[in-house]
Amino acid sequence: MSCLESLSSYGLRALGVGERLLPRSDITICDQVVLIGSGMMWNIYFTVLAMAFGFGLATVVALGKASPNRWLSAPANAFIFIFRGSPLFIQFFLFYEAFVLLPKLAGAVDLGFVEITLDTRWFTRAWLGALIVLFLNTSAYSAEIFYGALRNAPKGESEAADAIGMTGFRKFRRIVWPTMLRLAWPAYTNEAIFMGHATALVFFSGFPAWRQEGDALYYAKYFAENTYNPFIAYPIVAAYFMLLTLALIAIFGAVNRRLNRHLAPAARARLTFRPQLIR
Amino acid sequence: MGVEAAYPPFSFINEDGEVDGFERDLGDEICRRAELDCVWVTNDWESIIPNLVSGNYDAIIAAMTITPERDEVIDFTQEYYPPDPSSYIALAGAGEEVRTGVIAAAVSSVQAHYIVDSGATLVEFPSWDDTIAAVKNGEVDSVLADRGFLEDIVNESGDDIVFVGDDTTIGGGLGIGVRESDGELKDKLDAAIAAMKDDGALNALISKWFEGRENVY
Amino acid sequence: MMTCAEPSSLVGIDWWACYLTTGKHLSFYGSFGTVLMLLALAAPLILLLGIAGALARNARAAPLRWIGTGYTSMVRGVPDIVFFLFVPIALDQLFEYFRHRVLCPQATGPVWQGNDFIVCAEAKLPLSSAPQSIHDLYGFALALIAFTVVFGAFAANIIHGGLNAVPKGQLEAGEAVGMSRAQILRRIHLPQMWRYALPGLSNLWMILIKATPLLFLLGVEDIVYWAKELGGAKTSRYAYPHGDWRLGYFIALLAFYLLLTWLSEQVFARLTRRFSAGLAR
């Protein structure tokens, strides 16, 4: 089929929209590019949501770790150690097995104006289960980055805030947090890139693919196996991930410029493409 | 000889860490008859054909169904085992409706393609073990897999898991795969298989490993 | 004395004792050694490739700079799992192609015929007559190369950053006393670089540890392979039938990795203290 037909049939196939059957014979390069591209939607979905939710949890955990109170710092340390210390691949598998063991509960919570149905069945689906694992994983890594940034924050700023009577949440939101972000940003960018790459693992471990809807690597594997030729499918998926990486660098670079806008040009932390020294 | 060794009773790794099973016995016997010196190499399923094509080994004997798509890439000997029917299994109490419901299969297996063609909802798992676990905990309504693989599982599950409905036959029988350019090897293997069919040796092996299957050839 | 000859007659501790010492389980324990060996071999190779890459990026010759920058950018833009799926097959064919050219000069016909990759029998690597152990070794070597290529790029970036972080005064002092470029590099630049590169390299080591499960994708029988193999439900056709025990096996893997991580953290904490001695902070 022509390229336009491929696009219309398979453009959204990873979400279940379009041609139900995947191409089995006469597979063209257009088919591969379009279908693998549609799989990238899953990777982007995972990356964006895991990073978005993970940002909040990471901040909380970082504050916990920095706290002098042992009841807060010990759990924070344990959380960071477990999720940073074990491979993501194994985390996926363990969580999937654990989700599978959850009793098949279906309860309804009635809040009066809205009823929320809890269906534990959804946890074994990739869109929720894998997202939870990625969310926890990125929270742990990001928490460590934010903690390092908190430690490196210039004491002078904090003391000045105390001197004028700013305390608690206000001090945090106005003084501590922006500085922490600024110092952590280059390392956090690297974390975003790693997370983007890690999303390729989702359908490789325990999580199943429903109705043949998977991510980019899932479709690349499908093509590599059906055409018995890995030399087309895998470079295509590699190219898509390069684009994703470049997009992440561009977005995070823009944020970095905004965070550093108040500094003299020479003092700005340039967003260099290297794993962070703060961890 | 490339083998997957993860699919009893066709081939599996026994407690001593060696390749064992119907195909091990068959392969050894064929090699003896064809006067070939055979070395057994395990390989995972995904790369078993690409590695044959790349020359890592010379033949694949891994419960591989002869299909037209595969025939485009490699050549097959005549079949050494009849098309294994694929069966649906489900939790006890399920009826025929599972065949149009949510069905599990391993990624990129012939059963997966069959399920998609039949219009049911396919859930693909990385391995067959995962599919069995899924039907046991209710993730999916049923599993479609080779009957030979499922028989042991059904028998040992007590009454929890049962076969549902009739079997379907997908694709041709099982054959040994060789490179398309390796016609000589294919002829030798073919001759050995034909000889084993003629003098009943193949039937004997099949009966040994698969209960209830007599005089197939 | 109890023997393990009749597994079906064993119960309790005896069953466990025999089960945990079968040939398959011994392979499982051995595969931990495989993982550790990969790490031990990969680390120095990665450092070497990293230094080479970093120096290439700083080189005066433009083509060298392009190679350095291109290598690091490309490898870091693509998920390592994609590399691990692709590189071994590509490398395998590359090696065999060269051996074919060298060992079979009289062979005619194209090497790539349709889908088949035909080289003469002597050029195959490993030889198709080679036993399983040679195949395993070859798979391990390909995995080692794949890891080195991927992580060498990250190391090159870290070391490049470390090289840049060394105060310029140190290098200028070297020039002032008349050292050549090579001498400055060897005696001043590289030794000082380690102090600045250490945090990034320790981080990379942690990531390397956690990338080892991908070994099984490369066909190497590593701990993930054995955990899945041993943990999967076994019918009574096997000597030691059991249910689906993969959860238990994977928790054991988790413990192994946490232990390895914790040990590494202790080592790096010590190294950091040593390298920081004398630094005015």
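Letters A, B and C mark the chains as written, and numbering starts fresh at 1 in each.
As a convention for this text, a residue touches a chain if its C-beta (ideal position, glycine included) is under 8 Å from a C-beta of that chain, and two chains touch if they have at least 3 such contacts.
From a predicted model like this one, the values you see are computed outputs, not experimental measurements.
J.: Which one of the chains is farthest from chain C, going by Cα centres?
T.: Most distant chain from chain C: B.
J.: Please state whether A-C or B-C has more C-beta contact pairs across its interface.
T.: A-C
J.: Report the chain closest to the protein's overall CA mean, measuring from each chain's own CA mean.
T.: It is chain C that sits nearest the middle.
J.: Averaged over CA atoms, how far is the centre of chain A from the centre of chain B? Could you give it in whole Å?
T.: The answer is 39 Å.
J.: If you average the CA atoms of chain A and of chain C, how many Å lie between those two points?
T.: 25
J.: Where the CA atoms of chain B average out and where those of chain C average out, how many Å apart are those spots?
T.: Roughly 33 Å, centre to centre.
J.: For chain B, give me the residues that contact two or more of the other chains.
T.: Expected reply: 50, 53, 73, 133.
J.: Show the residues in chain C shared as contacts by 2 or more other chains, in ascending order.
T.: Counting only residues that touch two or more other chains, chain C contributes 89, 115, 246.
J.: Two or more other chains in contact with one residue: find those residues in chain A.
T.: Those would be 101, 204, 221, 224, 228, 230.
J.: Which residues of chain B touch chain A once you look at their complex with the stated criterion?
T.: 46, 49-50, 53, 69, 73, 104, 107-108, 112-113, 116-117, 121-126, 130, 133-134, 137-139
J.: Can you list the residues on chain A that touch chain C in the complex?
T.: Checking each residue of chain A against chain C gives 81-82, 84-90, 93-94, 97-98, 101, 193-194, 196-198, 200-201, 204, 217, 220-221, 224, 228-231, 234-235, 237-238, 241-242, 245-246, 272-279.
J.: Could you list, by residue number, the parts of chain C that touch chain A in their complex?
T.: Those in contact with chain A are residues 72-74, 76-83, 85-86, 89-90, 115, 154, 157-158, 160-161, 196, 199-200, 203-204, 206-207, 209-214, 217, 224, 246-247, 250-251, 253-254, 257-258, 261-262.
J.: Hey, which residues of chain B end up touching chain C in the complex?
T.: Checking each residue of chain B against chain C gives 6, 8-9, 12-18, 37, 39-44, 47, 50, 53-58, 73, 127, 129, 132-133, 152-153, 155-156, 179-181.
J.: Under the stated contact criterion, what part of chain C meets chain B in this complex?
T.: The contact residues of chain C facing chain B are 22-24, 26-27, 89, 92-93, 96, 113-119, 124, 126, 128-132, 135, 219, 228-229, 232-233, 235-241, 244, 246.
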